[in-house]
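Report on one structure; see the data block that follows.
To keep things simple, chains are lettered A, B, C, D, E and F as they appear, and every chain counts its residues starting from 1.
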Amino acid sequence: MTELTHLDKSGNARMVDVGAKSDTERLAIARGEVRIGQAALSLVREVKTVKGDVLAVARVAGIMAAKKTPDLIPLCHPIMLSSVEVDFTLEEWGIEIEARARTTGPKGVEM
Amino acid sequence: MTELTHLDKSGNARMVDVGAKSDTERLAIARGEVRIGQAALSLVREVKTVKGDVLAVARVAGIMAAKKTPDLIPLCHPIMLSSVEVDFTLEEWGIEIEARARTTGPKGVEM
Amino acid sequence: MTELTHLDKSGNARMVDVGAKSDTERLAIARGEVRIGQAALSLVREVKTVKGDVLAVARVAGIMAAKKTPDLIPLCHPIMLSSVEVDFTLEEWGIEIEARARTTGPKGVEM
Amino acid sequence: MTELTHLDKSGNARMVDVGAKSDTERLAIARGEVRIGQAALSLVREVKTVKGDVLAVARVAGIMAAKKTPDLIPLCHPIMLSSVEVDFTLEEWGIEIEARARTTGPKGVEM
Amino acid sequence: MTELTHLDKSGNARMVDVGAKSDTERLAIARGEVRIGQAALSLVREVKTVKGDVLAVARVAGIMAAKKTPDLIPLCHPIMLSSVEVDFTLEEWGIEIEARARTTGPKGVEM
Amino acid sequence: MTELTHLDKSGNARMVDVGAKSDTERLAIARGEVRIGQAALSLVREVKTVKGDVLAVARVAGIMAAKKTPDLIPLCHPIMLSSVEVDFTLEEWGIEIEARARTTGPKGVEM
């Protein structure tokens, strides 16, 4: 890497021109971990197995936030997401999160 | 119908993958009725025939809200609307509303 | 009612001045019914009792939409909601929805 | 003026702290002119006197945009607008616009 | 020009149907001037040459606002921008701004 | 902790009622680290010392995202932020970020 593509030659921020790029299928996968105490984790587990909305709310939040990425990342292009999935795995130390977003277009979800 | 397509096999919400679907032209029509009292309805009528903004504001609100659908319906894909029209018909009992939204793409406005 | 308060004397839309009104506690309750076929309703019931996200997604959608009201209703003031609750009751004919929004301020959630 | 208040001492952008300021009533008035050709202006006039939505749409756009100011101006605080009015005057050379926004709070609409 | 295309035959606002239009490459260029006093202009100059964020914040604001155009202009279609650039030139009397937005699609950025 | 306050007794998500809470001053501080390779880090350093927008864009993104929190965190109340600051420290291994948000109100930025 010898330059930052989101800056022009004068160092000014810009939304990079993708007009000449052709459509390809793109997939981004992001993983994260939320480490929480045993008391809170027990509550999440318990609520999950019974009826509570804890992980459902978090999953919806993730899916809706994925659609808002161009509103949050200043130089990100508008993106037509073709699918978004958010998975949670309860571990001993907390919660593992994996999010997958797909699009077909001239710019990637991997930005 | 034997399954809810917006849930995966574990019952988790997801934005369904439409990456493999081809573009088709799609049209959604929704109708609704607003029943209001005679006094309010008279005011709407009167203002309409003179110069007031009552129905114009409502029409703009409907068109702008149509563009915000993916922000409001959590599992809805981003949609490139190609047209939106909102019609009002003043009836004796209130106002009949018909909204029509069109798109060409892999997912429908009918969701 | 002899006038529409959201129009000025010329019939022009405006966001009504509430600068001189004092803070009061306000509560709005809205009810609606979604009538759906037995097959779909059975799926909602089944998923609910097991682990699925159907009603949780709908509840989150309702709460987030409540916060977006000033973005959707053109002449609505910004509102500092102090609570939002959305309840679903599964009936034989479909789903009954009750939403309650509270605020303390110079303008109401009842607009 | 000897400094730009929206930069800290290192020149970094920040949302200025208004936590210690007390509430006052604030009013901002902005005026602008749209100069358009006679043909277009005649259409605006004609539609206005009959029934069309031209100026009503523009008025609603102005009111809704006022509510979105903190989304558009990066260092602007959230603002609880207490009123917004947008007036148009048709002149020979085009349209004069006056917008007035009011708020009561620790930061102004005049930013 | 003999009609306003964003109104239907009854003068009602609508989002014009572009479903039958084919994709073309489109470019919009807008220029504006901000006239400010010498004291403020000196501060902008000084901060710019050192390290401050003044013009960077303005540039980001312009790029993000370009993505929000369909949220601000009621009858504007959703647009997949392929690039946005915002340039500032410091003049004696203030700042000249040139913004360029590109898209490939059935409707233009020139609306 | 014996319960999750953002769920009601049936496990349903809700926006907790803060109507009875009085205003207090609240401050939230969050820290994070972005670990990036030496080549990218050198570019960030170099651009920073010359004139580029890298950290300015990131800072603006952080400030604007802070204002969007209620749009992103489903059960978060609307919050009137009184200040937001985002600081970056370039370290050998990457960038350390510290963000501080303040509000005066019945609910906290610490949610």
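In the analysis below, contacts are C-beta pairs under 8 Å (C-beta built on N, C-alpha and C of every residue); 3 or more make two chains touch, one makes a residue touch a chain.
Treat the numbers as computed from the prediction; the structure is a model and nothing was measured.
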Set of chains adjacent to chain A and to chain E: B, F
Most remote chain, CA-based centroid, reference being chain F: B
Maximum centroid distance from chain D, chain identifier (CA atoms): A
Option in A-E, A-C or A-F whose residue-number contact pairs overlap B-E by over half: A-E
Averaged-CA centre spacing for the pair chain E and chain D, given as whole angstrom: 17
Geometric centre distance via CA averages, chain F-chain C, whole Å: 28
Contacts with 2+ other chains: residues of chain F: 12-13, 51, 53, 56-57, 59-61, 64, 68, 71, 74-75, 78, 80
Every chain pair meeting the contact rule: A-B, A-C, A-E, A-F, B-C, B-D, B-E, C-D, C-F, D-E, D-F, E-F
Residue ranges of chain C in contact with chain D within the complex: 8, 12-19, 70-71, 74-75, 77-78, 80, 105-106
Chain B residues within the chain C interface of the complex: 1, 3-4, 6-7, 10-13, 39-40, 43-44, 47, 50-54, 56-57, 60-61, 64-65, 68, 71-75
Touching residues on chain F, where the partner in the complex is chain D: 25, 56, 59-60, 63-64, 66-68, 78-87, 102-104
Interface residues, chain E side, partner chain F - complex: 48, 51, 53, 56-57, 59-61, 64
